[in-house]
Structures are given as structure tokens and as C-alpha cells.
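What follows is chain A paired twice: with chain B in the first complex and chain C in the second.
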Partner chain A sequence: MTLTPSARLALIVCQIALAIFVLLPFFWMLSVSLKPATEPFAIPARLWPENPTLENYVTAFRPEFRTYFLNSLIVSGASVVITVTLALLAAYSFARRTLLILTALMSLVVLAQMFPHSAIIIPIYKMMRAADLLNTYASLIIAYVSVTLPVAIWMLRGFLLKLPVSLEEAAAIDGAGPLRVFFEIVVPLARPGIIATAVYVLIVTWQEFLFALSFTSTREMRTLPVGLNDFIGQYGIRYGELMASSVMVSLPVIAVFFFLQRYFVAGLTAGAVKG
Partner chain B sequence: MTAKDRWLVWAFLAPALILMGVMLYYPMVGTVIESFYDTSFISPEPEFVGWAVYEKVWNSRQFPEVVWNSIYWTVGVVLLQNVLGFFVAMLLNQGLPAQGLLRALVLLPFVLPGVVTAILWRFMYDPQLGLVNSIMIRLGLFEDNAAWLADADTAMAAVIFVAVWKGFPFSMLIYLAALQNVDKSQLEAATIDGAGPWRRLIDVTLPSIKEVVVVNIVLTLILTFNYFDIVWVMTRGGPQNATHIFPTRIFETGFGQFRFGEAAVYGVFSILILAVLVALYVIVQTGASKRRRTS
Partner chain C sequence: MATVELSSLHKSFGTFTALENLNLHIEDGEFLVLLGPSGCGKSTTMRLVAGLEEPTSGEILIGGKRVNNVPARDRDLAMVFQNYALYPHMTVGENIGYPLKIAKLPKSERAEKVRQAAAKVEMDHLLARRPGELSGGQRQRVALARAIVRTPQLFLMDEPLSNLDAKLRTVMRAELKHLQKELATTTIYVTHDQVEAMTLADRIVILNDARIQQMGTPAEIYARPANTFVAGFIGSPPMNLISGTIAEGIFTHAAGRVPLAGYADGPATIGIRPEDIRVDEGSECIRGQVYSSELLGDSTLLNVRAGEALIAVKVGPEGGRAMDSAIALGFDAEKIHVFDGASGERLGR
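Take a look at the complex of A and B:
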């Protein structure tokens, strides 16, 4: 559509305003994380430190931060692998068979994604306590796999429905058993959907706070979001270190997201718009 | 999979379904059961007390506060997030330069972990050191340093603003995908008939994406109602309970005070409210797919 020059200009101004609205807090986070502890906060605030330094990062990367980071990596990594595997298996059944009971079960899967975590956490906590799993990776991994499964199944099912069935049928006629068809044809073709789902699970589990806060009480088992929340009290108003930690917590997910965002955006919007 | 592989269909489904049954559906029932039990000083073991805990919660001063705050919070976030998300989607759908880059950048808040978002904005709102007051003072909007999060009158609005900042990219993505499916020839026909941008928006664009808008609103209603991390890290429900919504109240009652019975009652109420929202979602969805089939 053609725009008049003045309308175009107005829209470009809107774009710039949007970019400032979105990016200013990020810029501020980065700026404060690079501010030397000796440089005072000016009022009104300076946007960029006079002598930027990495010293806040060095101080913030203390042993407990490294422990939290490792814990997050283990819990998120395991959750991604397990959720994607279980979801792909389930989604394949949902996508390839049309039984009335499967339609009903799929509705239950969609329904489960809307459950409030805060309302179901007490019985889950009691189960974990009874199984002696509090303060273990297992408690968080089990909870994360369960809460990410509904959306993961829904995303992968939408993806599998768009794959041509003819390849699978041809392989079956050639004598390939159902398991071989699944592993040698379906899994490779579903790769973009698998990546999109993995990114979703990573984003959710990397920042998960409620379960991590409730199920872990020892420092050794805390994940990054809970650890970061503890820092608020410990650091007082040492905002430089707090912001440096925040940047280090955010960078991995932001990096993964930017490399893989086209998969994720396609996976999310395809399912969401199609319903 | 062929008909004779029925065992395989169920073998593939079993792990996921069993896990969701035990970890999501059973706890829903568990919360309801829990709400009829209470622990007392005499017996630390949970004791069946019927509706007693419900009565206690219903008559407490906190209950109407939590209900009112949850409404304020949910309606505020959903409304602003969808309006902003929609207009940004419109803006990024105009074929302007740099819009691919801008779309990628707009998604940044969506990916930023919730706790990081909350800590960053706590700092942004800091009365003395924060950027918000710096900007306000420089623009001449405020003389003194407003304590956004410490003042019961502004705390909720301040937290809503942050949730919108983090949430609008998600709504934008879905609106953008819907806008890209709008029939271009209809838009051109309207332009030839002399319709300006507003007329085109109201007569062509909105009617053709109506379903996506409604589904998106109901979906964000459900997600927003369940929000926990940003509110908890920014205010812990304070000041003076001004930002306590259902999830934060449940967490504080359950894991802060270990009054599981009361927390479960709040949980049951939030499940009931959500059930209404989910029913709304189902009605909208089935209506939408019926129309899709007939058209």
C-alpha cells in the first residue's frame, strides 16, 4: 500500500518511539552493569558510565552464582530433552490417528495448559515431600516436564499435521516397521517443530520461579531465578552487581532465541492462529 | 501407524498422559480435598473441618482485597497488552524500512526472564536512583521523587505497566500473523472506494481478524490471572496488600505461613474463576471453528 510522505514520517516516528520504549530498560541494565562502583549515581541519571568496566561481572560471577547457573543448566537441559521426547511421541499418536477418545484426550491436554500453577502447587509439594524429592533436581525436572508438556504436545501436533503422510505410507509399503518409520522419517522431517518446541521449553524453564522457590530451600539446589531473587536482599543497593548478574542470566536465552527465533515464531503463530 | 499398531499409539501416549494425570489433574482434585482440612495447634496433623476454612477465608479482610486486586490487575494488563500489541502489529505490517529488525528487537522483553524483568524494573522505579524518576524530572512532569512501588496508590499501576511491557510482544506476534492473512484485494478495493486508514481498519481489517482478537484476549486473561513471578519479586503483594493477587496470596499463605488449608481455599476460588474463563474460551473457540467450517 502506498503511504503519503507525511504518514510515512509519522509511522517512522512511532517506530522510533517503540524502539525506545522497548530498548531503554535494556540499555539501562547494561549501562549500570558497566558502571564502576566508585562512580556515583548522578541525578538525573547519566545514561552511560564515564569509565565503563567489567568489574561488576567479575564480582558477580562468584561461586554461588556458578552453582545456580549449573543447576539451571541441568534442570532446563533435562526438561527440554524429556519434554520434547515425550511430547513428540504423544503428538505423533494425536496427529496420525482419528479416534473419538483421542479427540477427547487432546481437549484435556489443551485444558491442562491453562491450569494455575499456584493453585495446584500444594498437592504437588506434598507429593514431592512424601517421595523425599524436595531439594533435588528430580523434583524440578518432573514438575517442569509436566507443566510444559501440554503446549509442547499442542505445538508438535500442529506441526506433524502439516507433514505429508504419503512418505510414511510409502515407507510402510516398502516394509518398514512403525518404529522405523517414526525414527527414520517422522523425526528428521519434524526437526523445525522440534527446535521450536525446545526453544519454548527452554524459555519457560530457564525463568521458572514458583516451583523452584517452593521446592528448593538449600543454596546448593537453587536455580538462577531464585538465586537472583535472593541477591536483592544480599546486595542491598549494589545495583551494579545485580545488573551484571541479570545480564548473565538473560544472555543464554536471548542468544538461543535470536539464533532460532524464526522456528519459534513460526511454530507459535501457526498453532495459535489455526487454533 | 496402521490400525494393527494400536498398541503403539497407546505406548507413545502413555508416558505423557500418565505424567500429566498425576502432576496436573490429580493436584487439581488434591487442592479441593486440601481445602476441607486444617491444621490446629492441638493436632499438627491435618484435620477434616468441612467448610470451616472457607468461612474463615470468606469473612477475612484479605479476601475481598485479593478479588478486587485480581480484577484490577487482570483487566488492566489484558486491555493494555492487547491494544498495544495490536497497534504495534499494525505498525510493523506497513512495509516500512527496518521492520524485520524492529520485530526481532520488540520480542526482547518477551524472552527476558520474569525475575530479571522484575529486578530491572524495581531499579527503574527506585525513587532516588531510578531512570523513571530521572526522566520525569527532566521532562518537568514531577518535582519530587515518587516512590512508585512503595505507595499503595501507584504500586498496582506500576506493576501492570511492567507486565504490559513484557507481555505485549506475545500479543503482537499473534496479531501480526493474523494481519498478514488479511485479504489484500479487499483492502485495495476499500482504498479505491475512498476509505482512509481508519475506515479500512474498522470495515475490513477488524472484521476479518475478529476471531483471533477474541481468542487472544481470552488467552491473555487466563495467563495474566495466573501470573506470579513479576508481582512477587517487585512487591511481594505489598504495600498494604495493594498488589496481592490470587497466586501471590496462595504462595504467601501456603509457603510463607504454612497454612495449607487456607491457601487451598484461595486455590479453589482461583480455579472456579478460571473455569469461567476457560468456559468462555471454549465457547469462543467452538464458535470460531464452526464458522470456519461453514464458510
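Take a look at the complex of A and C:
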């Protein structure tokens, strides 16, 4: 498609406006994190700190932060591994078998992702308490796997449907058994889809707040999003440290997304058009 | 190396019948071509033999052993797919060596066999490349090398040349034929291209509408097509088919009369090959106008409008005619094929 110069200009202006709209909060987060305690609410407001300081980061990087970070890493990491593994196996069946029951099951899978978390959190909480799982990594991992699995299956199924079946048939004729076909042909070829799905699960679980707040009550088990709450006190909010922590929480996800975004975008569209 | 026996083979997908009561015996070392238009059941037949589909009913025997319940991986056959089906994440060498890796051959032996197979198709200098970096013809060779790297009982080839350009196809066709004779491995080859079938096959099986229409050597099928479908499918250009009526030893049609003794009265279709027709001003067999005249180099192809039909006639290179000029055509009685007007089955001789 070719654009006239004026249309092109208009498009660029719109893109810049949209970028500012989306990025300004991030910029503000960074800016506030670098401001000394006296500055965040100075009037007139300043976009960039007058006396930039790393003081907030030093305070924010307390032992608790390290515990929270480790907790987040364990919970998100385990959720990513478990969800992607289960989703890959399920998606392969959904993509390759044509049994009627599977079509019905796939609809259920889609249906399952439509419940808002706040609607299911109390039943899940009760189940966790009954199973004596509150304040454990397992409670969060189980909850995260349950809520991310439907979309993960959907995404991977879209990817697998795009792989030509003849490759698997060729491998079977070359003498490979079903497991070998799956691990040596399907999995390597589905790698972009696997990466995209892993990024999706990571982003969802890394920022998850509601389940983490509900299922963990001790400091030792808290994850980063809940940990940020520490800076919101009854009588005031320590914005500098809160924003410094927020920057540190965001960085890993931003870095992952930055390097793997091409897979992620491909993953979403694969699920979309092949549904 | 093995014989293949298909008996009463039947395959349906839901309400669609892909294959009906197919009986076929393939000799050890034979090059058998399944020929037919798309949807005729030829690929289904091959996939049944390969074990990629299960027959609805009927028996499949390879080397005298019933294999209906044997999975594809244990049938000891090699297949070349229409889209080559090379593993994109493996190098050419790994692709060719994959069947050997699965068969747990020692690495050194594997490398040697891969090199030999690649050399046979002149790909041994590109073993480190990936399929994505190869041209269509090169991919085709890799697929072939992967098939010949072991010595399977049976080769299956599903339109392996159809994605190549015309020139390369001719070259690969010759190489394929040579290779098959050299290896002497029973081969089933599926194609919709009758020229490929004629040139490659020891025996051709022509399929249409889920049924075998005729089987025989290329020469037999060319000389004695069993019905109008086969007659119109084989030959380039194919046989002319003219509908009319036989009465008292004379075949009458819209643009002429042909003396035709020894057939019962009634509607009939006669077939005559373009090269068996001669221009003969004294004849009444066909009178028409020249529709087009195409010089092919060694011959000229005339299309003659006779009633509703266009009749192809092959004449010498000097035999070109002006468009719309009147022309009369004659046939020799012994070159005429006669088919039943209703069923299209061959009559007599």
C-alpha cells in the first residue's frame, strides 16, 4: 500500500500520539523513581527530576524485595514450565485428532477462560484452604496454571495447525514412533509457538496480584506485585521507593518481551486466524 | 524388495467413497504407476499401502504378509511426498540420515551411507545446507536420497515431480527411471500426468471415480484403451472421440460417414488418434473447416471443426493449412476404436 505524503504524515502523528499515551506512565514511573522524596509533588510538576538520585533504589532493594523477587521467579518459572508442557500435549491432540469429543472439549477450554478472576477467587480460596495449601508456592502455581492453560492451549493449537502433517507422516514412514515424532519433529518446529506461549504465561503470572494477595499472607511467601503494597501505608504512600521497585519489577518482563516479541505477536495471530 | 497384493480394498471418508473394491497385484521390482485425475483415489491407494490411512475393508499384503494392522513405521517402505516433506530444522545430511538414525545405525556407517545416497542424486556437496536454502529440484533430490538411503521393500512416490518446472521434470524423470532399474525396488508411483506415466511405468493402473478403469503396459493401454475415459486420458494430444450412430455397417455422425463393419446397430462413440488420421479429399469420413494450424517442429497439429466437435489431426511439418479452409479427413478402419455409446466400454477387437 502506498500512502500520499499528507496521509503518511497524519499516520506518523497518530503513531507518536499513541506512543506518548502508552509510554508516558512508564516514563513517569522512571522519573519519580529517580526523584528525591521532596520532589514528586513539587509544583509546578517536573517531567524530569531536578536532582536525580538512586537513593530510592537503594532503599527499595531491601532484603524483603529479594525474597519477593525469588518467590515471583519460582512461582512464574514453575507456572511457565508446567503450563507450556501441559498445553503443548493438549494442543497437539486438539490439532491432530478429529474426535467429536475433542471438539466439544475445545469449546469448554475456550469457555473456561471467560470467567473473570474475581468471580472464581472465593471458591478457589476455599479449595486451597481445604487442601491446606494457603501460603505455599503450590497454591499460586496451581492457580496460575489453571488460568493460563486455556489461552496457552489455544495459542499452541493455532501454531500446530500450521505445521504440515506430511512432515509427521514422513517421520512415521522413516520409522519413528509417535513419541519420537512428537519430540524430534513437532517440538522443534513448534519452538516459536512454545516461546510465544511461555512469554504470555510469564507476563500474566509475573504481574498477577489478586491470587497472590489472597493466597499468601506471610512476607516469606509474597510475590513482587503484592510486595509493592508495602510502600502503600495507612498514612501515606512512599512514591519514590514504590516507583523504584516498580521499575525493578518491570525490567525482566520488558527485557524478555523486547527480545522475544516477534514470537509473541506471531503467536497471538496464529491462534486468531486458525481458530 | 517385495510383491504387493491389494484385495477388495475399500476406503470411505464419511459418505464419500474414495476407493471401491480395488484388486491389484504388483510384481517384485515392478515400476507401477497409478494414473488418474485428482480425486480419483490414486493418492488414497498409496496412503493405504503406506499405512497413513486405514482401509474401511479389504486386505493389504506386502511381501506376502498381511500388513493391515502394521503401523507405517514398521512396514519398511520409503515414501517421497509431493511437497517433499523435508524436515526444515535438519540439514540435508541429517534429513537423509534420519531413517538410519532411527534404525540405530552406528554413526560412521550412517555417514557413509548418507554420502553414497547423496552422491547418487548429486547432492553430496550440499550436505550441510538446510532445506530452506535449496531450490525445488534440489529438495526433490534430497527427498529421493532420503528414500534410497536404506533398502526398503517398497518405494512410494506421490507426484514427486509435479512441483518442478517442465525442463527439470524431464531430466528428473529419466534419472528416476534409471535409479529405479538400478535399485530394482518395487515402486508405486502416483501421478496425474499421463506422459510421466507412459515414460516411467512398467505397468499403468488408470483410476477414475474410485475404480480401476484399466491396467496394462503403457503400450497396451495406448493401443487398446478399455473405455472412453482411458481413450481421452492417454496420449498427447489425446484420442479424438466422436459420437454418432452405427446403422447397417456405417457409422454416421454430424460431419460425415465412416464405413464400419461388424458392429451392432445403435449409438456408438468412435476413437481415432490424431496421428492415425490422414487428409484425404476423396474421403467422406469427416468434412469440416480448419480451426487452427500449429507447427510443432517435427509435425503440424491441425484442429478441424466438424459439427460441434474439434478433431485434432497430426500431419507432417509441411501440412499446415489456412484457417477456415475446407478439409476432408479419412481413417483406416483398423485404426478405429469403437466404444459403446451409453457405457463408453470398448466394443470388439
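The rule we apply is simple: the second predicted complex is superposed on the first by the 250 of 275 C-alpha atoms of A that agree within 3 Å, B and C clash if a C-alpha of one lies under 4 Å from a C-alpha of the other, contacts with A are read in each partner's own complex, and residues count from 1 in each chain.
Everything below uses one rule, namely that contacts are C-beta pairs under 8 Å (C-beta built on N, C-alpha and C of every residue); 3 or more make two chains touch, one makes a residue touch a chain.
Computed from a predicted model, the values in this text were never measured in an experiment.
**Q** After the overlay on chain A, what do you see for chain B versus chain C, clash or fit?
**A** Aligned on chain A, chain B and chain C fit with no clash.
**Q** Look at the residues of chain A and decide whether chain B or chain C touches more of them.
**A** B
**Q** In the superposed arrangement, which partner chain does A:Leu167 touch: chain B (first), chain C (second), both, or neither?
**A** second
**Q** Could you tell me if A:Ala176 is touching chain B, chain C, both of them or neither one (first, second, both, neither)?
**A** In the superposition, A:Ala176 contacts chain C only.
**Q** Does chain B (first) or chain C (second) touch A:Ile185, or do both, or does neither?
**A** second
**Q** In the overlaid three-chain picture, which partner chain does A:Arg238 touch, first (chain B) or second (chain C), both, or neither?
**A** After superposition on chain A, A:Arg238 lies in contact with neither partner.
**Q** After overlaying the two complexes, what is the shortest C-alpha distance between chain B and chain C, in Å?
**A** The answer for the closest chain B-chain C C-alpha pair is 8 Å.
**Q** Does any part of chain A touch chain B in one structure and chain C in the other, and if so which residues?
**A** Correct list for chain A: 172.
**Q** Where on chain C does chain A make contact in their complex?
**A** Contacts found on chain C: 50-52, 71-75, 77-79, 81, 83, 85-89, 98-99, 102-103, 146, 156.
**Q** Give the list of chain A residues in touch with chain C in this complex.
**A** Residues in contact with chain C: 164, 166-167, 169-177, 180, 185, 188-189.
**Q** For chain A, which residues are in contact with chain B within the complex?
**A** 1, 3, 7-8, 11-12, 14-15, 18-19, 21-26, 28-29, 32, 41, 43-45, 86-87, 89-90, 92-94, 96-97, 102, 105, 108-109, 111-112, 114-127, 142-143, 145-147, 149-150, 153, 172, 178-179, 181, 203, 206-207, 209-210, 213-214, 224-226, 228-229, 232, 237, 239, 242-243, 246, 249-250, 253-254, 257-258, 261, 265, 268-270, 272-273, 275
**Q** List the residues on chain B that touch chain A in their complex, please.
**A** So the residues of chain B in touch with chain A come to 1-2, 5, 8-10, 12-13, 15-17, 19-20, 22-28, 30-31, 34, 88, 91, 94-96, 98-99, 102, 104-109, 111-116, 119-124, 126, 128-131, 134-135, 137-138, 165, 173-174, 176-178, 181, 187-188, 191, 197, 212, 215, 222, 225-226, 228-229, 232-233, 246-248, 250-251, 254-255, 260, 263-264, 266-268, 270-271, 274, 277-278, 281, 285, 288-289.
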